[in-house]
Every structure is written in structure tokens, then in C-alpha cells.
């Protein structure tokens, strides 16, 4: 009961947070060079971080599952992969639509976008693997191993714009930060608020999704009990 | 501008649908669970 | 018999399969030289128990000590001591009989496998087919070779999981002879079956596994098969 | 030492079984050649072929390796031979390495035959002076494909749609190998027209990428394989 209240509050907090941050985004000063387009960054950056974080959670929980054999970690890993995939989908869709006005084409085979797509494919594979292992005893182990393997795409995608010179804007480079050029304070605040509320949103989704798996199992148990 | 709006509309729509799916499914599962618990109680008594 | 510590010691063994409990607090001791037959209805967990004992499957909680080795800590030492015979052949059909045995001989670090291989092939009466591909054998011949494979490293402990199911007359004759040899040779054997006549024929102790637990066990002075049937139905009948 | 002996025996067993039927080798080879021929029809003109020839080569090898990897655990699943191996007092990672070595050998054999044919088909001038570089690229890539493929093949053999699952898991994971192999092969094939210093810098980057990838995944496989095959 208490869990449920916490999860509701979390959900509410993340929604309010997102609204506040949207508001601050529109209140923030216009960029001198880029104009309104630059506002994308406030939203794009926090949303882009969450899938990386979600897949990192999959990686860590997969290792923890193999070490401890506690089903809890398997559930969290699965839920996190699904949420990461949904947010990554949203990100790819925005990116695709947004490419049109900036680069004039819908899709650019640019390292960051391409590696994000590969990441998407890998975790879609992760979910497919989850559904195609019939043996419930074996499933957590197999998906955990793949969760570890698939994580290779995350650092590659994250570092891609640093390794290859690309058209993708790179905000945080040591040189820019040293010059204080990365972002000025007024732009930092909305970004950080947005990042915090996206993280809350992720935690809320994770809680609900794990709860859903638990409910499904409980129902299955009761059905077995009645059936037997 | 229209691209800007379309992009954000699409992204939020996807996230909203996902939240909607989870909340809806949880409500259905909660109902099923309560129903089953009652059935079990009835069978035991 | 009770003075020596048990050779295989299983203590409150649990095995969860998904959310289902297959073994539920199973405890069992087996002494050296004992031939134990475990009876039980289908799905009682007999195969699971043997797979856990032979280190093929893990378990959720409890402890198993075989000849002083804790099973989770020293699986390799235990694997050297056991032979496992089941209705699965565990043979490569694209290799010939000799290659199959030589391969497993290397896996078990057998120092001079040649003699052992020809000895075993004679025992299972397959010497004349030594260099024929296993895929060309009849099912019965494959099963005889499979028995030879399991005994290659001369194991002290032999697990037999429904060994007679699907055997032809010749192969079960070979197996019968071997089981009698083992009893004389002070091997420790655990066999599972649901066939009461076969189970009682060789055993010197019996147990009934039902609902994931040992519900009945007796060492020495075994009842005859008719008496045992009524015991069996009494203990496991409602679940069978 | 007995660890190495076990791996040797396992590999020897795979090779004997494969040479007796040659199912896997034949289908891999024919498939690789077919892919090349099909590409020729798809791209038509020889000038277009030249630009994409190194990509073509690797797509052909990649799909051939997929074919082989799908089969690498099939013999173990028949008659539950994997149980037989797990009953043996051997380290389970020995099974992993032996399978990776076997698939490495099979893939390399196919490439040894397919590469000269590829050269005759698509490359007119000789690159023999840098053949040794091409061999290093092939070896490093094959190691990568085998160590990842073996692990993922062991996973996919447990799924409902065995051979459908492997490509879905395998292809996105080996993208880095594909990129590095294609780029470095391209460099080697066009070596004469590039200034040498830049050539060596570029090729070292790609070779290093391949080597790092191989090491990471050999380690991942070594550490996780046990969890895949146990019960």
C-alpha cells in the first residue's frame, strides 16, 4: 500500500517537474546564433541521457542477477530495457523529424544517430530474446548475458561524436567548458531541472513496470492455485 | 517551426501512450488480482 | 553400516523451477556400496534430483556432500567420480564408436585409454563395430555404447535415470549383468524408475520420492514387489 | 595444461565430425560465393563494384559465418551431448573456447577458398604486396566474429526460433567489426594510391579497434558462458 502511494507521488512529481522545466525552457533567453532551434537542446539532451542510463541499469542488474540469482534484478533489468527502448524510440523519432529543417533530409547516416539506431536494434533484440525463451528458469540467465553483451553499444554511441568528427553538436568538450562557453548559467538551470524530472520520470516508470511484472506473477500463482 | 512542433508532439505522444499503457494495464491487473483473491477466499470457506 | 559416515549426504535440498518448487526440503543419506532405487510418480522430481547430484543442475538451497566434497565448491572432483546413464545417448553420431570413447577418455584424463576402450567395447559386445559411425548403429547398439561411455572413467558412483526405458532385450541384458557386477565391486548406485519389478530386482535399499520429498525409505530386507506396491500406493498413490 | 588438452580434444572432435559430413563448410562456402555473384547482378557495372568491393567481401563472409555459427551447437543439442560435456571434469570455459576455435577454423577455411575467387571476380590489379596485412585483418575479424558468435549461438540455441534469433542478436553486436574490417580492407585494396604515412596511421587505428573488440568479447564470453549453458 505504501509502495503504491510512493509510486503515485513519484509519477506526479515527475509530471510537475516536466511541466516546470518546459516552462523554464521557454523563459530562457534565446541563443544569439541559433535562435529558437537551440531550445531543442534543453529537451533533447535530458531525453537522450535517459536511455543511456536505462541501458546502464540493464547492464548492472544483469551482472547482479548472475551474481546473486535474485529474480528482483532480472525484473528491474527487463523493465529498464523496455523503458529505455521506448524513450530511445521517442528520441529517434524526434531526431528524424528534426533533421529535415536542420540538414534538409529525414535521415542522416551520422555516427550518433546511427549508433543510437544500433542501440535501439540491440535492445529490441533483448526484448525479443526475453519473449522467445520459453523456459522460465533459463530465461533470466540468457537475457542477463545478452544484457551484458549489448551494453557495448552504449559507450560506443556515447563516445561516437567524440571519436568521429561529425555534424552532431557537441556541447561538452574540455576546451569549451574551460572557456565557460559550454552553456551559460541561465541555460544550465532549465537543463538540469529537465534532467532531474526526466530521471524521476524514469524511476516512476521503472517502479510501475516492475510492479506490473509482480502483479502478473501473483495472478499466475493464484490461477495455478485455483487450477490445481 | 512546424517541424519543431511535430517533433515534440511525436515524442511526447510516444511517452504518453507508454504511460497510458502501463497505468491501464496496472488497473486491469489490480482488478483481476482482487477478483482472484475473492475466488480463492470463497473456495476456502 | 550406520557407523561409517554416509557417502552421499543430502540435507534439506530445495529446487525452485521458476516459481514452482520441484524439490522441497529433500534429505537423504546413501552409504558406500549401497544400491538405492528411488521410486516416484512422474514429475516427482526424480530426474531433477539426479541431475543436481551429478552437478548438471544447480539448486536453490540446502547442501550436498559427496565423499567429503561439497558439491558447489568442488564440482570437478565429484564429476570424476560419477557416471551417469540415462535414456539420452550423449554420443556424437558423426563420430565412430572408438572416436566417441577416445574423446570422452581425453575429457576424463584417462592415462591409457586404448585398453580401457577395447575392454568396454567387448563388455557391451560392440567390438566388431568399433570403427563404424554411431549414426549407423541401431538404437539398441547406441544405448549399449552409451553405457560404455558412462563407465569409461571407472566411476565409483553411478546414477541411472530410468535406464531401462526404451532398451531392447539385448541392451537391458547387458545392463542387468553390469548392475550385478557393480554390486559386487562395491560401487554406489542410485537408480530412479517407476517400474517396481525392475527397481526391486537389484536394489538393496529403496526410497519413494513424492511431492519433492522422500516420503519413505528402507535399507535392507526389502519387501517383495506385491507388498511394495501397496506401500507405494500408500505413500505416493494420491499423487500418482 | 590439462585445460589446453581438453580444448584440443574438443576442437579435434568438432573437426573430425565436420570433415566427415562437410555440411557446414560446404554450405558456408557456396553461400559466400553465391552472395558475391548476387552482388554482381545487383550492382551491375564494374565501376560501382569496385567502390563497394570490400564491403561486399565482408557481407559475404559475415553471412557465411552466421550460417556456420547457427550450426556450431547443433551437434551438442542432438542427443543432449552438451550434458555429456558438462558431466566431464573440465572447466566450462574450455567448451566455450573450443567452440570459438572451431568456428574460427571453419570460417578461415571458407575465407581461404573464397578470397582468391573474390580477387579474380572483382579485383583486377594485384595487392599481393600487402597480402600479409589482409591476413592480419582477416584473423582479427574472425576472432571477433567467433568469440561473439559462439556466445550468442549458445544463447539462441535455447530459444523457440533458434536460427531466427541468432542474426537478430549477432548482427548489431558485430557492427564495430564490420566497420573496422571494411575500412581497413578498403585501405589495403587501394594501397598504391594512398600516401604511405597516412595509410599506416589509418590502418593501425582500425587494427587496434579490432584487437580491443576481440579482447573485450573474449573476456565477456569467458566470464558469462557458464551461465548460458548451466541449468
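We just call them A, B, C and D in the order they show up, numbering each chain from 1.
The working rule: a contact is a pair of C-beta atoms (placed from the backbone, for glycine too) under 8 Å apart; a residue touches a chain by one contact, two chains touch by 3 or more.
These numbers come from a predicted model, not from an experiment.
K.L.:
Return the chain whose centre of C-alpha atoms lies at maximal distance from the corresponding centre of chain B.
P.N.:
Ranked by distance of C-alpha centres from chain B, the top chain is C.
K.L.:
List the centre-to-centre spacing of chain A and chain B in whole Å, with centres computed as mean CA coordinates.
P.N.:
19
K.L.:
Using mean CA coordinates as chain centres, what's the gap between chain B and chain C in Å?
P.N.:
Taking the mean C-alpha position of each chain, the two centres sit 51 Å apart.
K.L.:
If you average the Cα atoms of chain B and of chain D to get two centres, how far apart are those centres in Å?
P.N.:
From the centre of chain B to the centre of chain D is 44 Å.
K.L.:
CA centre of chain A versus CA centre of chain D: separation in Å?
P.N.:
Chain centres of chain A and chain D, defined by C-alpha means, are spaced 32 Å apart.
K.L.:
What positions in chain D touch 2 or more of the other chains?
P.N.:
Expected reply: 230-231.
K.L.:
Where does chain A touch two or more other chains at once, residue-wise?
P.N.:
137
K.L.:
Which chain C residues touch at least two other chains?
P.N.:
none
K.L.:
What is the complete set of touching chain pairs?
P.N.:
All chain pairs meeting the touch criterion are A-B, A-C, A-D, C-D.
K.L.:
Inside the complex, what are the residues of chain B that reach chain A?
P.N.:
Per the stated touch rule, the residues are 1, 3-4, 6-8, 10-12, 14-15, 18-19, 22-23, 25-26, 29-30, 32-33, 36-37, 39-40, 43.
K.L.:
Which bits of chain D are touching chain C when the two form their complex?
P.N.:
2, 5-6, 9-10, 12-13, 16-18, 20-21, 75, 78-81, 83-91, 230-231
K.L.:
Under the touch definition given earlier, write down the residues of chain D that touch chain A in their complex.
P.N.:
Residues 148, 151-152, 155-156, 158-161, 165, 168-169, 172-173, 175-176, 216-217, 220, 224, 227-228, 230-231 of chain D touch chain A in their complex.
K.L.:
Show which residues of chain C lie in contact with chain A when the two form their complex.
P.N.:
It comes out as residues 17-19.
K.L.:
Looking at the complex, which residues from chain C come into contact with chain D?
P.N.:
It is residues 51, 54-58, 76-77, 79-80, 82, 84, 88-95, 99, 103-104, 106-109, 133, 149 of chain C that touch chain D.
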